[in-house]
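To start, I am sharing the structure in question, which I have written as structure tokens.
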């Protein structure tokens, strides 16, 4: 069985594991105060061209989203998000458990626009009974999005401008940030993110770390006391150096970008192969997640050899599924998947044909 | 510099790291649904002699305490704890952030008694205005405690009986459980814990895992939907198999107990050495944490060669400090610490003597 | 200026105020433990034909909704509600501040159906990643709804059956319950509510009390410790007897129903008058809230003599507004409103005509 | 039976009720936006000599404390309070339910000192692991305190100075503020409170209102969006004018002070009478709460004729109780209480004497 269901089916990129092995017996202080973390922070600040940024390491995405959002909002405020946003649907109400409403906006290809943000802000400000409603207090977007799409630089600049005009901090969930940086046609860099947002994170878990997300804080007010918030939300890893070692390895000579390009490149190969087989797509994704629409009668056969995620029923006889590539995916695996799909389709056609 | 400040100054026990390396390229499903986790669960159930127990893996202690306590309590309830309890003082108000008051009882050697629990319960029940106060809803203890002490089997049985009579679930924070199981004079086993508590956890982070805590749930009501709670609190690790692999390694042939015995044995050697040097102790600890009282004029010299934790000022010229041993501590390091202390004391005596 | 913007523009029904005056100097115990509250509870149980019901008095609607919902749900659960539900849009995120997501369903005339509840429940149960999403834990409806509509007995019976099958407690927000009981064509009684729901409340504030809502709890599990929850949420009024006196007055000889019939009767007169003037309606409401669609060029003139609520823009030249009647509304006031509307329309027609 | 158990055993002061009656049929806008509230705000600003203060009306004390504290603190902060503080012990964990720890300091006569605040602040700032602990974020005191005592002007000035130096907003719970203003020997005015604190409230419920507390906000940051917080916490009364009418009556010609002086004067009479009868006191209170220590053998007889609160057991044969006076207490009632106590003591003495 080859697994394509998500981008975290394997352990860590071998170079990361190797580095953990090499540094294992070093004795360091705890909770992210060690030299590995410090070097990783410096490397990240350099990549982001943001000397004044604060960088913190947390363990996972839900924890990071909750911590950042709880740190930014006052009790009566909510967070604007696409209705497809991870915080809106797939974190078991973590944001609400921290006391805040997720104020959803209808997505377009998994994204929201500057215009939507402005309208939401103005609708609230012009509401005669506004104190009876949740006040928009910040904006959350994902890059790449839950649909595999990416914000272009001009979209992000427009969003950033709208957020600043409305006084709404902009937070980018970068659980899959590497794949967005390497996206076919993508034009947003880490430095752009540092310039245009208040806070974002660089995902490690889904890009070849054992675990870990690096939060980059640009907003001065948010910097204050952020370590307390991490600790309170359970994200201050005792052996924090593990996160430092991994992010140091990611950024000391470009491994993060290399992993991202590898996965996106195989995803594009997969995409073209699927197109050649005549399959359509639910979302037009230039990143490592691909959402082809498959005839239902292929699914059973496919499951026997490959794992994938059922995304949604498209019509009576078709289903959109998700295939993910990652640092560990090989060209052979992609070829195998495409070959099996071709064979299954051929068999199905024959079967249907023979019924004539 | 040799580090004795805590039991998480190094990475993971080499056998654990080796096992992570061996399994790194295996493809598995995520979020703890993989076969490594399943085998680790079976091994833990076997050690606990508790076939019906639910076992879950979380990343760290604060997260685990918050998740368990939030899962057990209704909104108007609080958790009884020693005033020295980790949840009372060192988790940045994580329990309060989940909505619950920590109801502290004065500790004796870091412990609370069955009698204290009964009295607290009855005081509440007999309060004419009880609905104006927080209702005790559960009991939290640590084994070993924050002072390095351990509950004896008879103490734990008495506590368990009191809790059951009062209808209060009993939760044991086992961040350092291995050290308690290996304590000099300790007589509590994993099976005892499974028999006498509603839920406890087996600490990994402080016992040689990269990270990870294994929650063992005996209480039927608490079992229900516990994975939702883990996810909501940010504890459902995407690459959950990492936790499974580590706990499988801990329990497939006794490594967990071996690590614990090693650390406690070196702690006892350190303790006897300190006694021979004439130092007294703040707490009488049979586990891996030792709290000697040192003359203040030794501290600067000691800091140059060893790290340790300043615990509390004892009098005008003395300070209690904490030394921890762990899986990674060597006999040479303990000898080095004792040798340096002897030399520092000798030098100080000479200095003081020469003043005569 | 005559006020039609809501049903709480005046103080209390004179008989209620009179009764507060008569009992003012009586000395009673506090927090709802007095004899007035006890008698009011008995009267309510009698009206509900529910001897075993627990009855509690709280001060206002948001507080009551939050207290009931926080008492019913576990941390990972949310509350199913119409997207027009008061808790979804007009309580400043009070439910989220208590840790819970409001899971909205698209309304039909302000209502949700048994079928929607079943589908939401099943969609969750069949979700392979369900622990990553909020679990539906209860159902919230309003009677009458935010659109002025009412659930019929058969709709309520179907909802109740669906809730019981799915194990979801059913909670009815009765801030305007009296108006629903008196609705034109309404067929649901207090006894029906007690038979078909787990908990509901009988609104006082919007029906002629100074303030106050009476919560009727049928569900045994919810009864336990409910007073603690009221106190924690700030709803345990020190001079609780004030609430008891008001609800005693409401139910000792039918004042509650009399007030409701009075207001609905005037609302029906208003409705027919608006129809005769040729205005359409946004919602088809048989209760005390009426939502006519008015030409925008009438609004300024109308505002000079009557207050009302702007509800929503309907098209480029029309706006839906809300008029409410209450215990204090008089037939003269309704006639005055209709007369002014007729005159304004006439003037506008003339004005428009002269432009030709 | 005469009730002395608390200061809210009766309805409202007759002048307040009369004013509610007179204004009952006026039609006003809701939620505190009416002219009665506006006038009451102006009167309060005038009394406080604080033109720039924001004034809001809430319903009760627990709600007010929770709303103010939730508005002031960030998630990782707690509130410093005497261990006797109402928020620490008698609000069913409302502050914790809003996410914040109450950081208790040992009281002296129900009060805390500037020195205690400074030490708590510095202890936190100097803690090497401070982000693992709750950060003090504000200071809460009660005036008068739960023990009936009052802060003197010099004590309050010192506290205020310490708070400002430490950057900790100072909040005064004035549920019984009138009694403190009228205290024998008290020297703190409303203008002093406005000058020395960030926010305080003027209690109505315990001083002759039906219900209601007036929050006076001096701190600019806290003013922002405070109405949202009130609404979210369930404190925005629909018929807000009821609170405005009551506070207008309190302050238009000094009724608030008159009520306070009346109750304190009778409390002093009671105190001197108890002293003459030879009873000692648990607390030395110059306000309307008195805490005499009574022989246990008098309690049963006393209960038959008067209600009071059992405060605490003092020794094997004595109990401290609480008697409260209020606007409604009469001299006759105080004389009756003293007379009954004298008679009971006499009877007990005879009984005990006959045993000789």
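Quick notes
The first chain written gets the first letter, and so on, giving A, B, C and D; residue counts start at 1 in each chain.
Following the convention adopted for this analysis, a residue touches a chain if its C-beta (ideal position, glycine included) is under 8 Å from a C-beta of that chain, and two chains touch if they have at least 3 such contacts.
If you want to know which protein each chain is, UniProt gives these names: A, B, C, D = Aminotransferase class I/II-fold pyridoxal phosphate-dependent enzyme.
Since this is a predicted model, take the numbers as computed values, not measurements.
Among the remaining chains, B is positioned farthest from chain C, on the basis of C-alpha centroids.
Compared on C-beta pairs in contact, C-D and B-D come out with C-D as the pair having more.
With each centre defined as the average position of its C-alpha atoms, the distance from chain C to chain D rounds to 34 Å. Averaging C-alpha coordinates per chain places the centre of chain A 51 Å away from that of chain D.
Taking the mean of the C-alpha atoms as each chain's centre, chain B and chain D sit 42 Å apart. Contact of a single residue of chain A with at least two other chains is seen at positions 75-76, 91-93, 97-99, 131-132, 228, 231-232, 236.
Partner chain B is touched in their complex by these residues of chain D: 75-76, 78, 89-93, 96-97, 99-102, 128-129, 131-134, 310.
Across the interface of their complex, chain A is touched by residues 1-3, 5-6, 8-12, 14, 17, 20-21, 23-30, 59-64, 66, 91-94, 97-98, 205-206, 210-211, 228, 231-239, 241-242, 307, 328 of chain B. Those residues of chain C that touch chain B in the complex are listed here as 70-71, 74-76, 98-99, 130-132, 135, 225, 227-232, 236.
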